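Below are structures written as structure tokens.
Both complexes shown next keep subunit A, but they swap its partner, so subunit B is in the first and subunit C is in the second.
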Partner chain A sequence: MIRREFLYYGKKLLVFAASILVLSIVVFYVARLAPGDPLVSYYSDRVEKMSPEERAWAEEKLGLSDPIHVQYVRWLSGALHGDFGISFKYKADVLEVIRGRLVNTLLLGGTGVILIFGLALLLGILCAWFEDRWLDRIICKAGTIISCIPEFWLSLVAILIFAVWLRVLPSSGAYSAGKSHDIADRIIHLILPMSIVVVEHLWYYAYMIRNKILEEVRADYVLLAKSKGMSRRKIMFRHCLRNVMPSYLSIMAISVPHILGGTYIVETVFSYPGIGALSYESARYQDYHLLMLLCILTGAVVILCNLLAQVINERIDPRIRANEAAEMLEVKQIG
Partner chain B sequence: MAELLEVKNLSVSFETAQGEIQAVRDVSFSLKSGEVLAIIGESGCGKSVLCKSIMKLLCNKARIKSGSITVDGVDITRYRERDMQKLRGRLFSMVFQDPMTALNPTMTVGSQIAEAVRVHHPGMSRDAVYQRVIALMELVGIERPDERYGLYPYHFSGGMRQRSVMAIALASAPKILFADEPTTSLDVTIQAQILDLLRDIQRKLGTATILVSHDLGVVARIADRIAVMYAGKIVEIGTAEEIYYDPRHPYTWGLMMALPAYAKAGEPLYTIPGMPPNLLDPPKGDAFACRNAYALAIDYEEMPPMFKVSDTHYAATWLLDERAPKVTPPLRGGRNV
Partner chain C sequence: MDDQGFACAGIRPLSHGPAPQKQRWYRGKPIVSILLLAGIILGCLFCNAFIPKDPTYMDLFHYDEAPGREFLFGTDAMGRDIFSIVWYGGRLSLLIGFSATAISTAIAVVFGAVSGLAPRWLDAVLMRLTEILLSVPNLLIIILIQAILGKPNVLSISFAIGITSWTGIAKIVRTEVRQMRSSEYVLAARCMGGGFFHILWRHLMPNFISSIMFMVVMNVRNAIAAESTLSFMGIGLPWEVISWGSMLSLSEKALLSGSWWMILIPGLFLVVTLLCVTNIGNWLRKQTNCRQSNL
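And now, the complex of A and B:
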């Protein structure tokens, strides 16, 4: 048993490592082959006045003169030792640059995912309960419309309304100057970007869970549960939700990267100092080492979430555990 | 014996985009306590809808158009969901056609039976519920119930699942059990076992049973009375003896002749010609007329009323009218089988 578990998770780990390796190669090559001058992010305007010799010297110093595969091997061996290089723009270790910002993104994205997870479930149940009645119709229609609105546009409109016209909420940043430890201030800054992230993604998942529940409500076992005399509420929560949960959990695991992508856009619009805004910046200025680290971090989250979804699907749902349990039963009977 | 269930002139329709489907048309019958009534008919003749409409398990597109349902002296025709919840399980419950899908796949069989026990006995102790579940599992013939309590439906074979569904249906000792083609999706040897079980339980507990089937051979084992349905109507009803030995409706003759027992060696099995009518727009007169070799002119014009053959035996065919020509049934009852 233990050996099988070990093999199971070992296999997943191998898939994870291989995916990250492939990702790093692709990103490394694409970034270097993309047009643009990485020296600009290090030397800014001074690059224009540099002589060819000075340029060559600068490229040599930043390690940009070697062929790409040599650069990659150098980067990889450094990365495996925990050295991800320095950021050209910030002229500091990329880990240092990211550290402060990671918390901001986790705050925005993490809370966003949890809120979406809970609210979508609630809305989905509500819609399924009132199937085809006015409440269900309004929620579904409004949701379709809202989730079709591009995130950046919605953000701009929200800034216009709440920051410019009403002046009740700040339009950008994660905290007011000098108040980085003031929790209330941070929360006020989070409201707008968070609302955009939640409002944009909520409907899709609510709609999905609504349809999943409706599928279950039409199943035969609901008829049997009804004929035993169970109430609709109990059937919904004890039977239907139980069957929806595994697929919902795996949907949510896959949704994390989706929502994360949304967070990046929202961060950029709101100049929210998270890793989303940072990755946009690093891609724009050819800040290679920073870009690599951010891509690998994001990629790792995406791949991890997908693997998690797989594990949930394969392990939590007893229907899928069937074979294993059957084998156990045989062993028990023989013994 | 008092009538336990009395259905009078019941009509049930479904609203669809194409129009109104008249699934059950003007059906009347009654059931005494402890009796087994079999409802026989082709697929789509309204047998299942009839049972589900009595328990009000139909979807919200279905509507009871007219008629009344009286159970235990109480008219439940206008009962709403909340009132029905109190009756379901305790007064009547149901065994479904497909045991593969009738159980919740993600809950253990034991806990699903326990749920049925607890619904009408909310105060029962955990231990008492467990004992009751074990007793129920024994009653329906699940061996080693304590070991199987914690297993999931996918561990069970079709027959065992159907036994579990029966345990659930019997959990609150209902007075009426609807068995909606309980053996259709099982293989033949299991079918016989489940039918025997139904009969045993019915004798042991005295539960009145309505057995829905499309197979006259199946119901012969256990039915006291038989109702033959065609196109949403009961066309003949009588005791099992009367239906098997003295059938009067041409449709019943057709069903009998289609039994393999009547087939002669070397000849193909008899089938009733044609197709059942579309219930979106049922034909005028006798719905069976166009498939009936014995149809009279009046069959195409006017629906036959229920003619009384004996106190217990009724059939809806104009052949029983005194003005009708005498026909010899194609089979001399079931005596020669």
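And now, the complex of A and C:
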């Protein structure tokens, strides 16, 4: 039994490592093959005045003159030892460059995910409870409309209303100058970006919860519980919700990167110093090492979340695994 | 048999209730959305007939002017008449929406069909590949593609958007094709030597087209939204090429000067279009009764 567990998680780990490896190769090659001059991000304007010899020397120094596969192997062996290279633009270790900003993004994205998770559940239950009554209808209509609005425009309108017209909230940054440790100040700066992130994604998940619960309340066991004399509330929370939870959990796990990706745009509009603006810069200015680390980071989060969703499904709800086995059997019979 | 006989058998005679109401042809159809969308599309296509100003002309005496009698929707920071450029710019936004969807659908159908018809191991590899592709943030892929294709224009942006948005459709196509691959007509076509594209076009496509139709419509919406986001962030169309997104890219300045019309008016056009397309898509989904994707 323990052996089986071991094999199960070992296999998942192997898949994870292989995916990361493939991802790093793809990003490395695509980034190097894309036209553009990485020297510009290191030496900025001085590149134009360089003689060919100086150029060759600079490329040699930054390790850009070797064939791509040699560069890749060098990068990989460094990365395995925890050395991800230096950022050309910031001329510092990429880990150093990322550290401060990662906290900001996690603060925005992480809290956003938790809020979305809770609020979507509440909203979904509310809609399912009042199915097809006016409350449900109003929420559904409003949700459809809001989920249509592009994120950046919603942010712009929010800035226009709250920062320009009402002047109650700051329009950009993560903290006021010189107040980077003031928690209240940080929270005030978080309100607008956070509400945009939450509002923009909320409906998608709430609607899913609503539909899943509606499917669930039409099942036979609800009838049985009702005939036993159970109250509506008890049936909803004890039985229906419990059946909905595994799939909701796995969907939320998959959607974490999606929500984090959404924060990129919000970060840019609010000039919030996070990972988003950084990865945009690094891709534009060929800051290879920074780009690699950011891609690997986001990729790792995505793949990890996907695997987590699989594990949740297979552990909490073994029916899914049984279905897969059945499908395999079917294919074997046909083939 | 008379009524008596029915009574004996325990069957009640039909009561003559009110005649069933005649169904109106437009019931349940998103008529408002279709009309609004048609209005916007036609208005953009034939905008030359009614727009009062040259959309590219920069009136340096009337820049940053609030909506008024001469400039219905005001002017932007470059002195262009917003009423004119909003119609004119819609052309490019819609064009990119449709062409990006065409590209992504084509990729998705071919990829999904290959994956669906392939042996199991190849299928697993292909699906894993799409997952890896999904794990790179779209924005980065688009920036890289833009860098490769050079100066952004309508075609390169459609391509960049199309190439990042096909995975959802491809997954549905794959599932559908997997179910159909061993049905008799496909086997028969294969035995007679039908090639891959022949089978795809004549036998598979007609069967799965209805289940991806909803996704295709939603892709149009996503592509329009993506174009505006990209142009807004400065990696899409430059501001002198007019589209809804590039109009909004001037909004940083508008925020500073408090010119709300520069932000709200193009945005409203954008949002109304997106909403109409979404409504049509939702209606299509109900129509085909395709199971809603859980992802």
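As a working rule, the second predicted complex is superposed on the first by the 317 of 335 C-alpha atoms of A that agree within 3 Å, B and C clash if a C-alpha of one lies under 4 Å from a C-alpha of the other, contacts with A are read in each partner's own complex, and residues count from 1 in each chain.
Methods note: a contact is a pair of C-beta atoms (placed from the backbone, for glycine too) under 8 Å apart; a residue touches a chain by one contact, two chains touch by 3 or more.
All figures in this text were calculated on a predicted structure; none of them were measured in a lab.
Asker: According to the stated criteria, A:H239 is in contact with first (subunit B), second (subunit C), both, or neither; which is it?
Answerer: First partner only.
Asker: Touching A:N306, do we find subunit B (first), subunit C (second), both, or neither?
Answerer: In the superposed model, A:N306 contacts subunit C only, not subunit B.
Asker: Would you sort A:T298 into first (subunit B), second (subunit C), both or neither based on which partner it touches?
Answerer: It touches subunit C, and subunit B stays clear.
Asker: Have a look and say if subunit B or subunit C is in touch with more residues of subunit A.
Answerer: Touching more of subunit A: C.
Asker: Quick one: is A:Y221 in contact with subunit B, with subunit C, with both, or with neither? Answer first, second, both or neither.
Answerer: Once the two structures are laid over each other on A, A:Y221 reaches subunit B alone.
Asker: If you stack the two complexes on chain A, which partner ends up touching A:L122: first (subunit B), second (subunit C), both, or neither?
Answerer: The answer is neither, since A:L122 touches no partner chain.
Asker: After lining up the shared chain so the two structures overlap, which partner does A:S247 touch, if you call subunit B first and subunit C second: first, second, both or neither?
Answerer: second
Asker: Who does A:S231 touch here: subunit B (first), subunit C (second), both, or neither?
Answerer: In the superposition, A:S231 touches subunit B alone.
Asker: Under the touch definition given earlier, write down the residues of subunit A that touch subunit C in their complex.
Answerer: For this pair, the touching residues of subunit A are 19, 22-23, 26-27, 30-31, 33-36, 144-145, 148-153, 156-157, 159-160, 164-165, 171, 208, 211, 247, 251, 254, 257, 261, 264-265, 268, 279-280, 283-284, 291, 294-295, 298-299, 302-303, 306, 331, 334-335.
Asker: Which residues, counting only subunit A, touch subunit B once they are in their complex?
Answerer: Spelled out, the residues of subunit A in touch with subunit B are 219-221, 223-232, 238-239, 242-243, 246, 317-319, 322, 325-326, 329.
Asker: Show me the residue ranges of subunit C that touch subunit A in the complex, using the header's touch definition.
Answerer: Listed in rising order, the residues are 120, 128, 131-132, 134-140, 143-144, 147-148, 150, 182, 221, 225, 228-229, 232-233, 235, 248, 251, 255, 258, 260, 263-264, 267, 270-271, 274-275, 278-279, 282, 292, 294-295.
Asker: Which bits of subunit B are touching subunit A when the two form their complex?
Answerer: 55, 57, 81, 85-90, 93-94, 96, 98, 101-107, 115-116, 119-120, 151-152, 154-155, 165, 168-169, 171-172
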